[in-house]
């Protein structure tokens, strides 16, 4: 029930569309005595794909959970369906990677403390020491991994160890100014969220506010996306924009942009944590 | 399927919440061979009410339609459910009531012509003659009903005759500057949409832009709502706001506000026509 | 005085920045008994350019006007200043070029009728006949210039004749779906305003809503700009964006985008007509 | 020069409007060898008031400063002008008053640390101890003044002592949940900024998000204003709104609202610190 604190599980499903799929999934859940509390679906006309998000009363036994997963597995085999289930009794674990800019790091830590982000922040990693006292203030383990051209590969390996050792579900790049290697990215498909400081696909790459200033745009933006091997090209989760004028220097654009970056990243992370996002065909479906 | 032109019917339902209601409604539709193409529901925690909008393949026979309605009727008797069904083979009919300001009238007529509003505009009524050539340009019947203190009651009766004679489903007050009598309002419950030129509940009544100017607000707004006997207090369907500054005179606020009024009214009308709006407890649920 | 109907002239100035320029311009105006009613300036730090917009009491004699222009001319010769003056007693004249899509055409004509655009709409030209009755409804001369590959050059010459014959100051491309030749564009530098259906520099060229849909962006935009020889690269005057979701088909994006296009184009045209826009370095300075 | 770090002073002026006031002020500054780097003015048509903000090269001697103030004083005596000057060599000092909610407190401290707020945060006062470690993390003196019905008067006196002892220019109520007494308010006219969690004048008083939820509005807002004796009625400095839907519980509205509160308060504080705000007739003029 919206806004209530009932313990609900979430089932996310996508599959090629076929007639009757809504009914048969409803039937399957009913057969397993699963009480649906909320449900949305979406049929994509151009790709002929079907997406559904079901929230259900999670107070079912471990035996029921297993049986449900077996039935879903059978449906997968038959219909080419992809699904995942999240139960509220296991909080997702996230790692935040940060650099020198603090605003997104602070923002995520404060929101978590205010109860906005349903997760455990397992650790903060930064290539700069300044993030240490911040993590400490919020009681989050911190690891300083300084990076030079020579140490980059080694430090990334160390980051993988830390992330995997902490059982992390999601990696959040909070204005992390280092390019990740393809090896790192491919290890966590759909599990790394980045914030880019422009309204993508405009102004790919670095210095996006400078690019925007030089172009003379009248709005700037920010984009959160899953990280893929193509720089700034991964599936977009959320975007926002704000007006600017000729009076805004690059510094002012940067200040205005920080607002967008914080909000857009936090929204994307929250949606991911609440199992609202599915990826298909290089794009996201967001059940907001 | 979203964005496709398939002939879909829409079922709107609300009822006191009870466990299993999603499943039993899905079952009922399945029993009648109704293919669901899209469905959303919403459970309101504070009022314990349940709302659902189902879009279904409307290519079912008249016999099936009748049987479906019988079953829904039984569910109503049993569960206190309220429902209505709309089929695409009957376009809704609307009447537009206008006064001297033309912007909302033009806006609705142009959107209708562009295919944005799935309805028939049955007639335009105005207490001023200026709307006549506008209605004529768009090929819509026009009725001029000038109003004075003495003729008000009579003209309203005439408006009822015209509206009822034209089989109108929805009355749109497009900046109609006349207060409607309780008798008129009560005749069309949930079937009259008004646009108010403020962000309600701020600035009820007339001269809202002047009130806003005097207050020195930094944003102005517009609100579309169903008309009830309480002036400017009916269930809100849609609202929007826009920035303003100390530099904006009442005239500039009025110009900026016209944009909001057009959009907010058109959105509310479109949502109503697409059977996205339900009213309960003095508020709306909008499946957008 | 803001919001008042006083007859004010507008002086626009830009020049390389130098110390004391604000004071010396104030002195010059004072020397000519010109009463300033409003004034804004802007110094661009990166280009070291200075911009000023002065509104002044236009009730000065023709002799005073001439003397003022002589003095400004002297300042130009000395300081490399560029200036232009507009007096309220001569309304600017605009030509609207349209194609099959009607929304921007209607929008401009309605705003003009409502007094939002201080200009004379001298003529409407379209390569499709549908715009004819629309122009007629608003009492504006219409010219149908159908275009084929063979006739393009000839029709453009005809358009030039019509535009020049009507003494047009500004050409507005209201979703005009024809590429203009460099010859045409160069004839009217800073005097052609276009509306592009994306948030430039993203999605240059045709089918911008389809491009946006394929990319999976979460906002769409519109951009008005002065036309230059580089397609969709001219100085940006105004931009706006609106949220979209995965549910929005290309058709829905197109509908949402029409709102933006109308507003963004109308705002750009209004600012131009009110002498609020200066161009320097491929960008605009807008005194709004 | 916009965006540049030049040391500029700011002169704010308002007075009854009279012909030639722009010129005579320009002359006065010129006579004192004050180099204007930016200037805006505004004439209010309804109140016949004139407002001007002048930014000038602050590298003038103490003697020049004194002479300038003498001349401005003479103009005040003659023309009923009100003025104030701020020089960059003295940072304004602010006190933050907070209660249990931390988001605005954190937000202001982080922005200050990032260089967005040109001031010294002299102290944080709270009636709850939780703010202590936060202030400490940012190196700001903290005072815990718990309040009960009996101690309220005494604690407020203590707050006055602290504020005055610290030479504070501006008091910021960062979601401070205590009503201030008239005595306190009158001691700091135009020097206390509050953030109210609604789009005023809608939803005055407490529990504004609950009020909004019950009304069923489709947008919520936040308002920053100078504090006066009339609860939530002081001159509005800034407002913002965000969309909400029927799905948003009071808790979700509260979460969405926190974003607005942070931004709106920070913007109002920044504008005040940058000497962009003047108050006249119960409203603000903001040179943004």
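Per-chain residue numbering starts at 1, and chain names A, B, C and D are given in the order in which the chains are listed.
The rule is short, and it goes like this: contacts are C-beta pairs under 8 Å (C-beta built on N, C-alpha and C of every residue); 3 or more make two chains touch, one makes a residue touch a chain.
Just so it is clear, the model here is predicted, and its values are computed rather than measured.
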{"item": "Selected interface, A-B versus B-C, where C-beta contact pairs are more numerous", "value": "A-B"}
{"item": "Computed distance of Cα centres, chain D from chain B, in Å", "value": "42"}
{"item": "Rounded Å distance, chain A centre to chain B centre (Cα mean)", "value": "37"}
{"item": "Two or more partner chains touched - positions in chain C", "value": "2-4, 42, 44-46, 247, 249"}
{"item": "Touch-based graph of the chains, sorted into line, ring, star, complete or other", "value": "complete"}
{"item": "In the complex, chain C residues that touch chain A", "value": "42, 44-46, 199-203, 213, 215-219, 221, 235-241, 245-247, 249, 282-286, 288"}
{"item": "Chain B residues within the chain A interface of the complex", "value": "1-4, 17, 19-20, 22-23, 26-27, 29-30, 35-46"}
{"item": "Complex contacts: residues of chain B adjacent to chain C", "value": "2-4, 102-103, 106, 110, 113-114, 116, 133, 137, 247-252, 255, 258-259, 263"}
